[in-house]
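The following pair of complexes shares a single chain, chain A, combined with chain B in the former and chain C in the latter.
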Partner chain A sequence: MSRILGIELRRSAALGAVLTLLVAGAGLLYAAPERWSAGWMPLVMTQREYLVLLWPLALAAGAWQSRREHRSNVAELFVSTARPRAQRMVPTLGAMSIGVVSAYLAVLAVAAPWIFDTAGYLPAAAFAVAAVGGLALVAAVWFGLAVGRLVPSLVTAPALAVAGIGLLMVTPVADGSREWVSLVFSPMYGMGQYTDFQTVYGRVSVAQAIWLTALAATGAVLLASGSWRIRVAALLPAVLGATLAIMVVPRDDKFVVHPIDPVAQEQVCAEGSPRVCVSRIHSGLLSEVTPLAREALAILAKLPDPPTTAHEDTTTYYPDTAPPRQADVVLIPVGVDKSGHLAHKATVLSEMLRMVGANTHGCDAGGDTPVSRAATSWLTGREPVTDDPEEPAELNAEAVTLWRGLQGLPAKEAAARVAAVRRAALDCAELTGLLSRSAR
Partner chain B sequence: MMRTVSAAETAPTTHPWAVHAEGLRVRAGRHLAVDGLDLALGTGVHGLLGPNGAGKTTLMRALATVVKPADGRLTLLGQPVDGRADLRRVRRALGYLPQQFGFYPRFTVREFVEYLAWLKEMPKTAIPGAVQRAIDRVGLTAKADARMKTLSGGMLRRAGIAQAIVNDPAVLLLDEPTVGLDPEQRLDFRTLLRELGADSCVLVSTHLVEDVVVACTDVVLISEGRLVHQGTPDTLIAQGGQSDAGDSPAERGYSALLRRHRAEAGR
Partner chain C sequence: MRWLTLYLRSRRVPVALAATAGTVVLMWSLWTAFSETRDVGVPMVILTVLLCVAALTATLAGPDDALERTGSLPWPRRRAAHLLGALAVVVLLLLATLATGARFGPAGLVVRDAAGLLGLTALGATTVGAARSWFLPLAWTLVTLVLSLPETAWAQVLTWQIQAPGNVVAGLTAGLLATAGSLAYAVAGPARQAPAEATL
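The block that comes next holds the complex of A and B.
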């Protein structure tokens, strides 16, 4: 059997499938590395999203391989041999699945060096996401083999690929806002990432694995069967698998719609003081973030009761979460650039000092731009400038006036007024006028 | 050359005939291409002759267990072949070269013959040696590692014979094996046939009466799905007279038998 498997690996469509999937998968990943450069989980999720192309390709590869038997007219000879059809199909099924799984893993291997130095956090869920991706390709190629056998036409492979893309596209539209349905039946659904903290819950992966295994089983039975009765029976695994998967998949939005991994969000701190921490998934960036964050803390130290700690801003918009407003903590905006390093290095400091280092998440008011800008400028000792060309000129002019006023004050009084602005910002209170009157 | 002989090979045969058909009827589509054929074949090389449409290929397909007989009795190696029988044991002892030999073009000769050996459920350890021997016997040694799609017509035919004989079949069915072979290859093939017929039942379908006379121990002539004549090449030759059509005694015997059969059928 192993020798025959070797022959099939060399001579079947498995090699072509490996090459096609590898080129397509790696090409898509490297076309936009910023989508997955933040870590292992973003990488495996992005790869799953690209199943939009790889999954239909695997379907087509299966159908293409199946046509070999029809095209080469071997049925007459093979029927006269002793080995049952089901056994004869085992090396083909094996070779094709080895092909697609190794292509899927090879794509990961090609992407891994890109983030190897910067990606630290490798949760078990990442292995589950990648495993389900490989399983999705096996199910596709087996099902494609079955369809190619039942309809041995030249157009079967391309038609099946188009149908596969159509299915992946239509499922989320047709699920009637029951996202968990799409999550079960579309191996790429839910892999679009709004934050680096996004994850796929274990029960979701289990439900997907159940459905894909059932689909693969149906494909294998259809391929191996000799009679129409068995072909009808082959639908049984698919029906059972779909039912079981629907029973297993969680339906709570918390697990379905852009779920967040709280462990990835946990703060990991640098050694030494003052304390500087980033989220676990960005822990590889700690050495890049720490000097900038400590510089910001040093600038804020001019204030009475200055903040002593800097944490990563782990705000997410889908779902809407934000770190608590704490007086002694300054938030660090951490983005990852396409090479996996800290993005927007030049603006991290100014972003940290905006609003005088106060976390204003959840405040209704947008704050008073001239006041906060003037206060920040007093801290840095640089004249206020705008970074928004659309902004009305009088806003910055007012900030400059307020800043000059602060500079004219004794340092202690100026520091007290700026500290008042920071306190007010933390309380979501009104900032207007705080720099113009003496701080109590 | 020495080889291991299995218990099954040395077991005494319990069946008088390797192939035994009684009143056999086989359909080709809706047409009864084999229509009440009685035939008994033992060890040796049997040449199957007959005009186009006589039912030679349909008979071959029935003996190869590809089509089920519509009526009558057919036993292969003592085992009945009908719709319900488990044919696995019989099929292990079959070798078959179909008239239209299908193959996987990307496989090498060695790979394809090995694949067929696997399909014939040969013991794993015996396969590599048997594959090499079969390829050597048909004279494709130099082409063993060439892709099937690169072979000429004659080479393909020989690759087809190699896959048919790889399992040392007790019943070997060759449907027009000499198509595409050049004269020298045909001579080699006759030698191979004689070797094979020494200990197995070989049925060779052909249009070449001369091949049959030279290489076969037995001649089977069928027409319109029925047995017309079965005997040695000498008895075939004895049927012909100077007035019968043909360039050789055997061809004249062949024409005479067919002419007489048609006359009887027309009566």
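The block that comes next holds the complex of A and C.
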């Protein structure tokens, strides 16, 4: 058996499928590394999203392989051999699935070195997401084999691929905002990431695995069967699998629309003091963030009662969550660039010190820009400048005036006024005028 | 006339024509049934062109090309006419929809994509054989549909199928593929196949 499998691996479309899927998968990943450079979970999810191309190609590979007997004019000869058809099909099924799975893993292996140094957090969900991706390809190639056998025409393979990509593209539109339907039947749905903390919950992966296994089973039975009765019966696994998957898949928005991994958001802290922490998924960037964050804390130390800790800003917009407003914590904006390192290094410090290092998430007003800018400038000792070319000029002029006023004050009084601005910002209170009157 | 009938039958043109027309009718019905707008979405138009070209691919080789070559006929002219005929079928079928409730347009895009994809297929038929020639047009078009690249000239070459109809770079790319494909196919004809693969 293993000898036949070896022959089949060499002589079937498996090799061509490996090569095609590998080139397409790796090419798509490296065409936009910023989409997955943040960690392992973003990588496996992005790879799943690119099933939009790989899945139809796997369908086509199966259909093409299945035409071989028809192409070689040996159907009658094989029917005359006293062996069950199923026995002859097992090596083909095996060779094709080994091909697509190894291609899927090879794409991961090609992408892994890019983020190996910087990606730290590897949750179990990442393995599940990758496994379902491999399973999706197996299901596609087996189903393709079945269709290619039932309709042994030259057009079958391209038509099946077009139908596949059409299905993947149409499902999210056609589900009538019942996103869980798309989540079950489209192996690429929900893999686009709004934030690095996004995840796929275990039950969703289980539901997807059930459906894909059922689809693969239907394909295998259709391929191996000789009679129409068995072919009709082959629909049974697909129907059962679809029903079971729909029963298993969670429907709550928390799991379907905006799945966030709280463990990825947990803060991991650097050694030493003051405390600097980043989220677990960005823990590989801790050594890059720490010096910048400590510099910001050192600047803020000029204030009475200064903040002592810096945490990563784990704000997400979908769902709308933000870290709580705490007086002793300064938030660090952490972005990941396309090589997996800290993005926007030059602006991290100024972003941390904006609003005098106060967390203003959830406040209605944007705060008084001249006041907060002048207060921050007093801390850094640099004249206020604008970073927005569209801003009206008088805004910055006012900030400069306020800043000059602060510099004319005794250091203790100025520090008290700036601290008052920070307190007010934390309370979402009005900042206007706080720098011009005495803090007491 | 008798030669033409025999030729068309040997290349299984009636089946291919039926498949092409069936594709257009299917896509047309899908759009009519599920969409409110008249103009068909560009991805759907491109996929339809791709399918039509794939359906006509099988006609690029006969049951016994070696035997066919021995016929002392001016083949290059006939092969070129075959490709032109295939292009005309695809373009006319799709342009006919412009008068209906689901318009597969714009015409410039249909003509450019049909010519380019047909040229690419003909190039494939000349080099790797008609049986495998569907693959490159399919893979290239699907990649184009999912890949988003910056608007550089090279990116426009890579994604020529989805560029606007007036795009010069995409037009040149399609023209180059069409010219190269039809020249190669007209001069060299379909690739020689192993005898076992004689039946498509």
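FYI, the second predicted complex is superposed on the first by the 440 of 440 C-alpha atoms of A that agree within 3 Å, B and C clash if a C-alpha of one lies under 4 Å from a C-alpha of the other, contacts with A are read in each partner's own complex, and residues count from 1 in each chain.
In this section, a contact is a pair of C-beta atoms (placed from the backbone, for glycine too) under 8 Å apart; a residue touches a chain by one contact, two chains touch by 3 or more.
Here the structure is a predicted model, which is why all the values come from computation and not from measurement.
With chain A as the common reference, the superposed partners chain B and chain C fit together side by side. Of the two partner chains placed by superposition, only chain B is touched by A:Ser80; chain C is not. Set against each other, chain B and chain C touch different numbers of residues in chain A, with C touching more.
When the two complexes are overlaid on their common chain A, residue A:Ala346 makes contact with neither chain B nor chain C.
In the superposition on chain A, A:Ala393 makes contact with neither chain B nor chain C. In the overlay built on the shared chain, the residue A:Arg11 is in contact with chain B alone; chain C does not reach it. When the two structures are aligned on the shared chain, A:Ser72 is found in touch with chain B and with chain C. By the document's definition of touching, neither partner reaches A:Met247: not chain B, not chain C. No C-alpha atom of chain B lies closer than 5 Å to any C-alpha atom of chain C in the overlay.
Under the contact criterion defined above, the residues of chain A that touch both chain B in one complex and chain C in the other are 72-73.
Those residues of chain A that touch chain C in the shared complex are 20, 24, 27-28, 31-32, 50, 52-53, 56-57, 60, 64, 70-73, 153-155, 157-159, 161-162, 165-166, 169, 174. Residue ranges of chain B in contact with chain A, taken from their complex: 61, 64-66, 87-89, 91-92, 94, 96, 98, 100-107, 111, 114-116, 118-121, 127, 163.
Those residues of chain C that touch chain A in the shared complex are 19, 23, 34, 43-44, 47, 50-51, 54-55, 57-58, 130-131, 134-135, 138-139, 142-143, 145-149, 196-200. Contact residues of chain A toward chain B in the complex are 1, 3-4, 7, 10-11, 68, 72-84, 88.
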